[in-house]
Each structure stands twice: as structure tokens, then as C-alpha cells.
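Pasting the structures here.
First chain A sits with chain B, and in the next complex the same chain sits with chain C.
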Partner chain A sequence: MTLTNFKFHGGIHPKQLKDLSRDRAIESISWRDEDEIVITLSQGIGSLNHPILSIGDSVQAKQRISECYGEISVPVHSPCDGTITAIEERPATHPSGLQAVAIVIKPDADSSKIDINKANDLVNHKIDVSKLSELLSSLTAEEIISKIRIGGVIGLGGAGFPTCAKLHGGIKTNIETLIINGMECEPRITCDDRLMRERAIEIIAGVEILDHLLHPNSIKIGVEDNKPEAILALEIATTSSTSSIEIITTPTLYPSGGERQLIQLLTGKEVPSGTLPSAIGVVCQNVATVAALYHALLERPLTHRVVTVTGDGVESAGNYSVPIGIPIDSLLTQCGVVDSVRITVGGPMMGFELHNSRSPITKTVNCLIVEKNSSLPSAPERYNCIRCASCSDACPAKLMPQQLYWAAQSRDFEQTEKLNLFDCIECGCCDFVCPSKIPLVSYYRYAKGVIRGAKQEQNRADEARVRHEFHDARITREKAEKAEKLAKKRAALKAKKESNKSTDKPNDADKKGAAIRAAIKRAEAKKKAAAANS
Partner chain B sequence: MSSMLIAALVIGGMATLFGALLGYASVHYKVEGDPITDKIDQILPQTQCGQCGYPGCRPYAEAISNEGAAINLCPPGGETVMVSLADLLDREPVALEQEERPPSLALIDEKTCIGCTLCIQACPVDAILGAAKLMHTVIATECTGCELCLAPCPVDCITMEPIPTDITDWSWPDPDMFKVAA
Partner chain C sequence: MIKTTADSTTAREMLKVIAALIPGYIALSLIFGPGALIHAAIMIPVAMLAEATIIWMRSRSAVPAIKDLSAPLTALLLAAALPPLLPWWMAIVGILFAIIIAKQLYGGLGQNPFNPAMVGYVILLVSFPLEMTSWLTPAGAIVGGDTIGFIQSAEIIFGTIENPSITIDGVTGATPLDAMKTALYQGLTISEGIKEISNGVLAGSGWEIINLTFLIGGIYLIASRTISWHIPVSMLVALLIISALFNTVDPDRYSTPLYHLLSGGTMLGAFFIATDPVTASTTPRGRIWFGACIGILIYTIRSWGGYPDAVAFSVLLLNMFTPLIDHFTQPKIYGERDNG
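Let's turn to the complex of A and B:
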């Protein structure tokens, strides 16, 4: 264990509040008999999945149930044996409170409720290292990444960026440092802490896979100094590892778990604005993600994750390994939530309020904070900005939040972009320190949305312009072609007429006339004959 | 006398020189097309709907730059487009002529469609797919919501459907909407 020599700008010290759940070992909570599993098709970042099964089809645990297109997208899997009962819109676990298409599975009565990952090698706390290295050497880098992708692994720290996409970027460039994020800097959340304490061997096995894949010069695991047990567990696990892994302790400071902040903390290097960490030779992965990719390589897709349930509205706060897709209200009822409560998904700094408790657990849900309605403070009174620049001092991205706020609230979005709005990581440090209690981040989120919307609109307009120009060009071309054809036909007709005249043959009109005259004569003769007969 | 001659020669010489320079510049630095029209066209939403009274976005842009047409005639663009046009042309912003409409897409009722191809011919961006006596359908991603296909349809099987927001294009609302008035 070594201490870091570097730091990043700003940061805050919110109350940790981790005691409620940090000493509670990971327990399994699964679906009840009446529950259904709801698997949202768009989990994390990436293009939408398409279901590959139909209503009425039966599925098995670990079975892939969707197809995805594009590099930045991963499929979803069923956590249970069961039957697909619906593919329809369901309340999504999303700040908007909107619905999203989900695959609904009714678990079979006899389906195993145990976390399949835990049921395997975790029982005897041992990983067959030689078997793992044998497997790794038999696969190419592309095959390994494809296995991780098919296993449905995305970043489990919160943002949900597909791991395969990060690794694709990683194998294309020369990676100097592989960073494993075990910071868990947000208050209240303890799921990564417990994971490091209890499943350090899985994490280290995952790190070895990444080492094999990326060949970094150094591997660093960053852990905040408020998790001494986790640091110890990781150190014990690394002693038997073939990779040289350094565990680095950092002072407890929010948001040191932010990807860019952590990279700066451990390497002293700043990721330039608008680029990805791979641009400076760094790949950063969360501890839970690393453990998940180890399982994915062994054909155990991401179907369960550890979620911290905490807050004063829950009877048994703790860390629970739950199937992805279990409705949040089922999980909370099993944890002893009865009162009317407010549920926050994620940590208190970056989480969002849940609109519908029937929404499911998704891959990116790391924490549920349950607070009694009675214990919630009323919204603080808001004052005007006094330009004290506390926010500027606290901003880990070295922005000027007060200026950004000024531009955003006066709808000067061009100015917000000039002030590097898109470097804002929405960590909420500025909100936390603001003496006037201005909800600064909500202004930045709003401004980002407007700017993104305008860009999309512009792209659409540009496409429409191109299509319209093509349409016009096509119409003119078709007209010209038609006119040309007509002219040719006319010329041909004229030439024919002239040639007919010169040979003095009876033309078509005369022929037709003669035929008609003959027909009239025949008809008259018939009439006469009929008259004579009668 | 000679000084007058010199003066005339100098002035004449300068006039010739500058004339030649200007002549050269007008040929060498000639700008193809009309940059102001291009800029206006860039701002317009390219729905090609003709609701402004001109047969498309480009003709409206030309009318604004050449004939001084009003800048508040574009209902799909709404206030955003009007304000950007006012900014660009340094004109006073004016209230919209028609009400702003929410973005929508054309939807063909495929059971009713008789396959007459009239809507295909009317679509300014070739966003309708089909052939004579066969069912037609709208390519949703290409439709600009111009409503030009509604009128030609002899069986009235095309309707405009507002585009719903889903979680992929949802964005955070304006925080000032919830601010309690002090």
C-alpha cells in the first residue's frame, strides 16, 4: 500500500453516512413468488437492444434475450428460468420517470434464486489460476473483448459505459497505466467496499484478464483511506497474483472516484478536455466491472449485481446481491420498507429521485437511499448569487460554475459552451458549497440538454436539406429525360410519315378507314338479307 | 499649364491603377452564390413545408435576403428560428404569424392506403416508400413533418402524429420552471 502524491483541484467533504450498511456482508435477495422480472432494453449508454425472443417463449437463467447493433452496445440476459410474458413499455429507472420498452419474465416456481456467480468458485474462495491463464492464452484479444461484450458487461460504477468499447480503444493504443477504481467516494454507498472485502479474488482475476489484454506498464488500484478492510483484502489477494499490482490509498475526498479525478490522483496527468483517458494512455475500470468481466469470460453473463440499500426508511440496511430486473418495490419490501418514503437511485450527490417504485433494478443501480417522508428537510430557501466563488474553488473540473450559472439562466447557451460546460461532470460539489443554495447542476443539465437538442435539430435539418436538393435534382433530371424521349419519338414519327408519303402506300389511317367501311357494308348486307327473309 | 497636366496625369494614372486593382479583385475574390442566403438557409429547419408561402426553405431564404420578406413566417422553426434570423440580419424580432407547432411525423394508415403514389410525388425529401397499387409507408427518420402529403391523399389515410419523448432523447427541464416566485 502506498499513498498518492498527487491531487486534483477542489473537492468537498460531505458526511460519509456509510455506517448504516458498511459492516453488513453481501446477502442475496431474490424475487418473491408473485414478482416478475423486468429487463429494460436500454441499460446504460449505447444504442437500443432488440428482443430476440417472443412472448410465450421460455428462457433459462443466463440466456441472452436481446440482440444489439453497433460497437457501443451490449445485450441483456435473463437472471432466471421462466417464461416471457410481455415485451412492452414499463416504468424505467430513469430521472425522467418515463416508460421504456422492457422484456418481462415470469420466473418458474423452481428456478434457482441463488446468484449463479456466487454459487460457483466463491464457495471455496479459490480461483483456479492456471485454468484462467490457459483460457486466456487460447483466445485472441478480439475474442476476449467479444466475450466480455456478449456477457453484457457495462461500467457498474454509475455511468454504464460499455466495457467492450473502452477496451477496444485500449488495445488500439499503447496503454501505460491501467487504473482500477475502488474509490466509492459518494456518501452512503458501500457496495464496492463490500465487494472488495468479500470478493477481492474475483477483482484481481479480472485485473489479470485486463493485464493480459492491454499489457499496461503499471496497474494501480485506487482506494480511499476510509476503507482499510478493503485495502487489506485486496493486498492479500494480490500476493498470489501474477500481475504486479499497486494498491494506492488516497485521502477521503469527494469526487475522487470520478474517472478524470482518479486518473489525476494516481498519475498526476490530466485528461485533456474533449478526449478519452486512452488519449493519455490510461484505461480506468470500476472494481465491480472488473469482477463482472472475469465472470463474463467464464460464460457467466451479468445477471446480478450488488446494491446498497440504506437510509432511515429501511429496517435492514445492507448490501444485497440482487437479480437485474427485480422490481425495486419487491427488493425494498424484503428489506423492510413500509412507510411512505422517498427513494433516491444512486448516491446523495449524483443520484436522482425515483418516480415509480415498480421500476426495476438495472445494471447501473448501485445504491437505493430510502428516506422517511417525515424526516426529509423542507427545500432550503434560495437566495441570489453573491459571486463568492466558493463553487469555483470546489469544482474538480476547474470550471467557473458561477459564470456558467449566469449564462445558463439567461439562456446564453453559446457562452456556456465557451465556458466548457461539457467538461462538467455533474458531481454536485458546487451545489453543496453554494451559500445561496442555488441548484447549480440542474442549470448545467438543462443547458446541456438544450445544446444537444439544438445540435440534433441542426443535423436533421442538414440531412433534410441534402435530401431535398437531391429530390429537386432528380425531378429536373427526370423532366429533362422525359422531354428528350418525347422529342426522339416525335422525330421518329415525323421520319416515318415522310417515308410513308414517299412510297405512296396506304397509311394506317386509310387501312383502318377501309376496314370500318367494309364492316358497315357487311352490316348493311346482313340487314337487307334479314329484311328479305321476313 | 505643365503642373495641371502632371496633376491630370497623376490622377488619371491612379484612377487606372485602382480601377485595374478593383477589376482584378472582383474577378479573383469573387464569391460564388449568395453567402447571406446560405446563412439564412442554414438557420431554417428544412422541412420544405411551404407554410411561409414560398415553395421551400431555400426560396424563403432568397426572399428574405433579396425581397426583404418578413422573418416570422416559419411555423416549424418557431421563435428560435425567428430570433436567430433577427440576430443574423440585425432586424427587430417580431411575433410569429402562425402558432408554433409541436414536431410531428406523417403516419400512413396502411390498411386504407390504395397505393396511388400521389403522396410519394408530394414528399419534398423522398421520405415515403412504395410503388403503384402497393402499400406506402413513411420512413420515420427522414420525415420532416411538412404535411405536404396530407392534401394529395385521395383516401385521407395520412395523419400527423406528434413525436413522443422517450428516455433516449429526454433532457432535464428548465430549473426556473419550478422556482417559487419570490
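Let's turn to the complex of A and C:
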């Protein structure tokens, strides 16, 4: 274990509040007989999946139920044996509370026991090192990435960026540092902490796969110093590892688990604005993602994940391994939820309030905070911004939130872009420190939305303009072609006429003359004959 | 949605600044009598009432504006800058102008481009130049062997004494900065001027004590992270450098750096006035420019301008440049490319 020498700008120390769940070992919770499994077709970032089965088809656990196109998209799998009962819009686990297309599966009766047993088997999971290395050496890099992709692995730390896309970028460039993110810097969340403590060997196996794939010069696992047990477990697991892995401890400071902040903490380098970490030779993966890709390589696709359930609104807070697609209300009922609660999905800093508790657990849900409505503080009184700069002191992206706020508030979106709005990672440090209690991040999200909308509109307008111009060009071209044709025709006709004038006319006259002459001759002959007859 | 937030509130920040003024107020009261306290007692309710009235006229809830403590702070800052025996109604004119014209007409807290307290001060200075430059000398503060007391101060402030200029003849006078300027006009050298005007060792007439107490308050503000060090440090360093430069060249005509640092409103201005976040530059580099320019302007006006002290004018002038300074001093963001 080593301490880091680097720092990032700003950051905050919110109350950790992890005690409620940090000492609770991962337990399995599965569906109840009355539950249905709802697999949303867009999980994390990436284009929409297309279902490959129909309503009424039966599915098996781990079976792939969708396909997807494009590099930045991964398929989804069924966590259970069952039957597809619907493919329709369901409430999405999203701040908007909108509906999203999902595949609905009715699990077979009593199948949850099998699910729990399988999950429990995983607790005593042993890694067959020789089998793994044999497998790795038999596959090309592309094949390994393809397996990870088909296994449905996306970033489990929150953003849900498809792991295969990061790895594609990684094998194309020379990777200097592979960073494994075990920071879990948001308050309350403990699922990664438990995973590191209990399943360090799976994480290390995943790291070895990435080592094999990317050949980094160094591998660093970053863990905040508030997780000593996790650090110890990782150290024990790395002793037998073939890869040389450094475990680096950092001071507890939010948002040190933000990808760009962690890279700066462990390497001292900043990821250039508007680029991905691979631009500076870094690939960063969350610990849970790394464990998931290990399983994906061994034909165990991502169908379950660990979720922290915490807050005073549940009787048994803890860390639960749950099937992806289980309705949140089923999970919470099984944790003993009390009446009239507010549910936050994700951590208290970056999470969002859930509007419909029937929405499902998705791949990116790492935490559910359940708070009694009665224990919630009333909304703090909001004051005007006094430009005290607490926010810019706390901003890990070194932005000027107070100026961004002014620009966003006065709808000067051009100015917000000049103030680097799109480098905002929405970590919420500015909201946290603001003495005037201004919800700054929501202003930035709004501004980003407007600008993105305007850009889309602009693109559409550009496309329409190009189409229109093409259309115009085609019309004028056709007109020109028609005119040309007409002119040619006219010219041809004219030429014909002219040639008629020069050659046919005299002939005509001749013909006429000849005819007249012939007629005269005939008349004369007739006269002669008549004269002879008489 | 309700987010987890830190404990700090606007009111708490204001309260810290008010607390930091306590040592300075104690020094002012000990040296010049309780005039500043009497002024503050008049101006705080007037400020709050004026603020509430304007907000009420705008059909908004006045409660948050009253609770944020910014109006009392403005009153306290202005009261600390006024001559201790200034008539009560002048003090009221000053605070009304500060709150209504300089602050609320622009939209209230956070919207005003100019420091309200300094706008109030300057309005009084240009309207009542004689009264605004008549300070008690510490000797004058002692009437008949006693320090000028509450009753006497109040009598003079509220004008119950028929003709205060006669009654306290010889006890009011110019500030050392003012007197020094006069002395220099009369052809005296700095060292002769000091002897002429000052019982104090450095900056004359107890002013160095007042400045030191405001410095103590200022250090508390920096230590408690209520203000950042950039503005006061750059302002004081700029003042130090430029005064040292001229003092070295011609010590007979230009006062010593210590004299400048510890006289007039230097420390009050550096830690309490120039650091008003609403009207000061907000970028780290911008704050250094902002402070340094104020320091240089203070020296310029004090040395060659028509007014004896210059904190108010310098701060207001730089307030005008705040948007420009902010524009040109944007910090380098995370991951910013060098060409960008």
C-alpha cells in the first residue's frame, strides 16, 4: 500500500454516513413469486437494444435477449428462467421518470431459490488460474473484448459506459497506466467496499485479464483511506497475482472517485478537455466492472449486481446482490421498507429522486437511499449569489460555478460554453458548499440540455438545408437538362427545316412543274387521241 | 430535491464578518469615544427598515433579506468609517443611500455593482466635506481629563449642544492623513509633519492601533476561510511596495510604508471593504489584480489627489473594472489544452 503524491483541485468532505451498511456482508435477494423482471432496453450509455425474442417465448437464466448495433452498445440478458410476457414501455429508473421500452419476464415458479443458491455459490468462488490463462492465450484481443461485450458489461460505477468501447480505445493506443477505481467516494454507498472485501480475487482476476489485454506499464488500484479492510483484502489477493499491481491509498475526499479526478490523483496527469483517458495512455475501470468482465469472459453475463440499500426508511440496510431487472419496490419490501419514504437512486451527491418505485434495478444502480419523509429536513432557504467563490474553491474541474450560474440564469448560453460548461462533471460540490443554497448543478444541466437541443436543432436545420439545396440543385439541373434537350430538339428541327429549304424546295417546284408538265402532256395526248378518234 | 449541503449559510458568513469587526470597534471606542457605536446603533435599524421597505414595495418577502444580516453589516462598515461625532441625520442619509440606491435599486443582495457602504461614505464625503473630515484627535477625545463619554458623544451627534464647534473647540481636527497633507502643502517635511500632528509612534494619533485591530479581525476572516487572502495581501503588498519606492527616493516628501499601512482606512479597506465578494473580482488571479490596483490607487490619491484618504474611491473605481478583470483572468480549467 502506498499513498498518493498527487492532488486534484477543490473537493469537499460531506458526512460519510456509511456505517449503516458498511459492515453488512453482501446478501442475495431475489424475486418473489409475484414479481416480474423488467429489463430496460437502454442501460447506461449506448444505442437502444432490439429484442430478439417475442412475447410468449421462454427464456433461461443468462440467456441473451437482445441484440445491438454500434461499438458503444451492449446486449442485455435474462437473470432468470421464465417467459417473456410483454415488450412495452415501463417506468424508467431515470430522473425524468419517463417510460422506456423494456422486456418483461415472468420468472418460473420457485426459480428464485435456484437464483439464491447460484449467488451463494459465488461467495465461495474459486478461480481456476490455469484455466483462465489457458483461455486468455487461446483468444485474440478482439475475441476477449467481444466476449466482454456479449456478456453485457458496462461501467458499474455510475455512468454506465460500455466497457468494450473503453477497451477498444485501449488496445489501439499504448496504455501506460491501468487504473482500477475502488474509491467509492460518495457518502452512504458501500457496495464496492463490500465487493473488494469479499470478492477481491474476482477483481484481481479481472485486472489480470485487462493486463493481458492492454499490456499497461503499471496497474494501480485506488482506494480511499476510509476502507482499510478493502485495502487489506486487495493486498492479500494481489500477493498471488501474476500481474504487478499497486494499491494506492488516497485521502477521503469527494469526488476523488470521479474518473478524471482519480486519474489526476494517481498519475498527476489531467485528461485533456473533450478527450477520453486513453488520449493520455490511461484506462480506468471500476472494481465491480472488473469483476463483472472476469465473469463475462467465463460465459457468465452481467445479470446481477451489488446494490447498497441504506437510510432510516428500511429495517435492514445492507449490501445486496440482486438480479438486474428486479422492481425496486420488491427489493425494498424484502428489506423491510417503512411507509412514506423518499427514495434516492445513487449517492446523496449525484443521485436522483425516484418517482416510481416500480421501476427496475438497472446495471448502473449502485445505491438506494430510503429516507422517512418525516426525517427529511425542510428545503433550505435560498438566497442570492454573493459571488463568495466557495464553489470555485470546491470545483474539481476548476470551473467558475458562480459565473456559470450568472450566465445560465440570464440564458446567455454562449457565455456558459465559453466558461467551459461542458467540462462540468455535475459532481455537486458547488451545491454542497453554496452558502446561498442555490441548486447550481440543476442550472448547468438545464443549460447543457438547451445547448444540446439547440445543436440538434442546428444539425437538423443543416441537414434540411443541405437537402433543400440538393433539391434545388436537382430541379435546376433537370430544368437545364430539359432546356438543353429542348434546345437540341429545336436545333435539330431547325437544321432539318433548313436542309429542307435548301434541297427539298427546288425539288418540290420541279415535282410540281413536272406534274403540271405531265398533266399538260396527258391532256395534250388525250386531245390528240380525241382528235384522232373523231 | 433536497441535497446534502455544508453548514455554511449567507447569514453565518455575514455574522463572521461582523464578529471580526469587534476588535476594531473596541479600539475606535477607546480612542475616539463611543461615536462609532452610537452611529451603528442608529444605522442598523434604519438599514434593516429601509431594506425591508424596498423589498416590500417589490412585493417580495422581506424575511430572508432581513435574516441574511447583510444590511446590518453594511451599517457597521459605514459606521466604522464615519467620523465619530458626525451628526445623526448625516449618518442616516449615508446608510439610506447605501441600502436604497446602491443596493436595493440594483436588485438587492448580490446584484449591486458597487460596494454599498462605500457609496454611502462617498456621498457623505462629497456632500458634507467639512463634517466628514472632522475627526476627534485622541487628545481631543479627552475632555477635562476624561475620555469623551457616551453622553457627550451622543449630545454632539444628536445636536443637543447648541454649537458643538465651540464646545468641543480644539478637540476635533483632521485625521493624520489630512493633517500630513496640509503640512506638506505648508512646506514641512514628513518628519516635521509627524512631530506636528502625531502623538502616535508610526501613523499618528492612535490610528495605528485602530488599523492593527482591524488587521487582527482580518486575519481571523482569512483563518476562518470567510475571505480569501488574495485581495488583502495583494492590496497591502502593492501599497507597501509603491510607498517604499517613493519613500526611498524622497523621504522628505513621501511617507514611510508603515505610515501608509497603518493610517486611515487601510486595514478596514483591505480586509472588510475590498473583499466584499459581490463587488470584488471573483477569480483568483483577478482578485490579485483587483487588490493590487486598489493599493496603488490608494497611494496615488493619498499622495497626489485632492482627498486625504482614498480607500472608498479606490474600491469604487475598481468595482467598475470587476467584470473586465474577471473576463481576462479566467483560471485554467481541468484538462485545458495550452492553446485553448
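We take it that the second predicted complex is superposed on the first by the 459 of 534 C-alpha atoms of A that agree within 3 Å, B and C clash if a C-alpha of one lies under 4 Å from a C-alpha of the other, contacts with A are read in each partner's own complex, and residues count from 1 in each chain.
The working rule: a contact is a pair of C-beta atoms (placed from the backbone, for glycine too) under 8 Å apart; a residue touches a chain by one contact, two chains touch by 3 or more.
This structure is a prediction, so every number in the text was calculated from the model and none was measured.
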Putting chain B and chain C on the same copy of chain A, do they fit or clash? fit
Which of the two partners, first being chain B and second being chain C, lies in contact with A:295: first, second, both, or neither? neither
In the overlaid three-chain picture, which partner chain does A:402 touch, first (chain B) or second (chain C), both, or neither? second
Now for A:348: first (chain B), second (chain C), both, or neither, which partner does it touch? second
Which superposed partner A:305 touches (first chain B, second chain C, both, neither): neither
Looking at chain A, does chain C or chain B touch more of its residues? C
Quick one: is A:423 in contact with chain B, with chain C, with both, or with neither? Answer first, second, both or neither. second
Quick check on the superposed pair: does A:462 touch chain B, chain C, both, or neither? Answer first, second, both or neither. first
Which partner does A:385 reach: the first (chain B), the second (chain C), both, or neither? second
For A:439, select first, second, both or neither according to whether it touches chain B, chain C, the two together, or no partner. both
Please indicate which partner A:12 is in contact with in the superposed arrangement: first for chain B, second for chain C, both, or neither. second
Lowest inter-chain C-alpha distance for chain C and chain B in the superposed arrangement, angstrom: 5
By the touch definition above, which chain A residues appear in both interfaces, chain B in one complex and chain C in the other? 382, 439
Of chain B, residues touching chain A in the complex: 41, 44-48, 56-57, 80, 123-127, 142, 144, 165-176, 179
Chain A partner contacts - residues on chain C that touch it in the complex: 1-6, 8-10, 12-13, 64, 67-68, 70, 107-111, 228, 277-278, 280, 282-283, 326, 330-337, 340
Interfacial residue positions of chain A with respect to chain B in the complex: 42, 48, 92, 94-96, 98, 100, 382, 409, 439, 442-443, 445-446, 448-450, 452-454, 456-457, 460-465, 467-468, 470-471, 474
Show which residues of chain A lie in contact with chain C when the two form their complex. 8-9, 12, 14-15, 187, 260, 264, 270-275, 344, 348-349, 352-353, 376-390, 392-393, 396-400, 402-403, 419-420, 423, 428, 431-437, 439
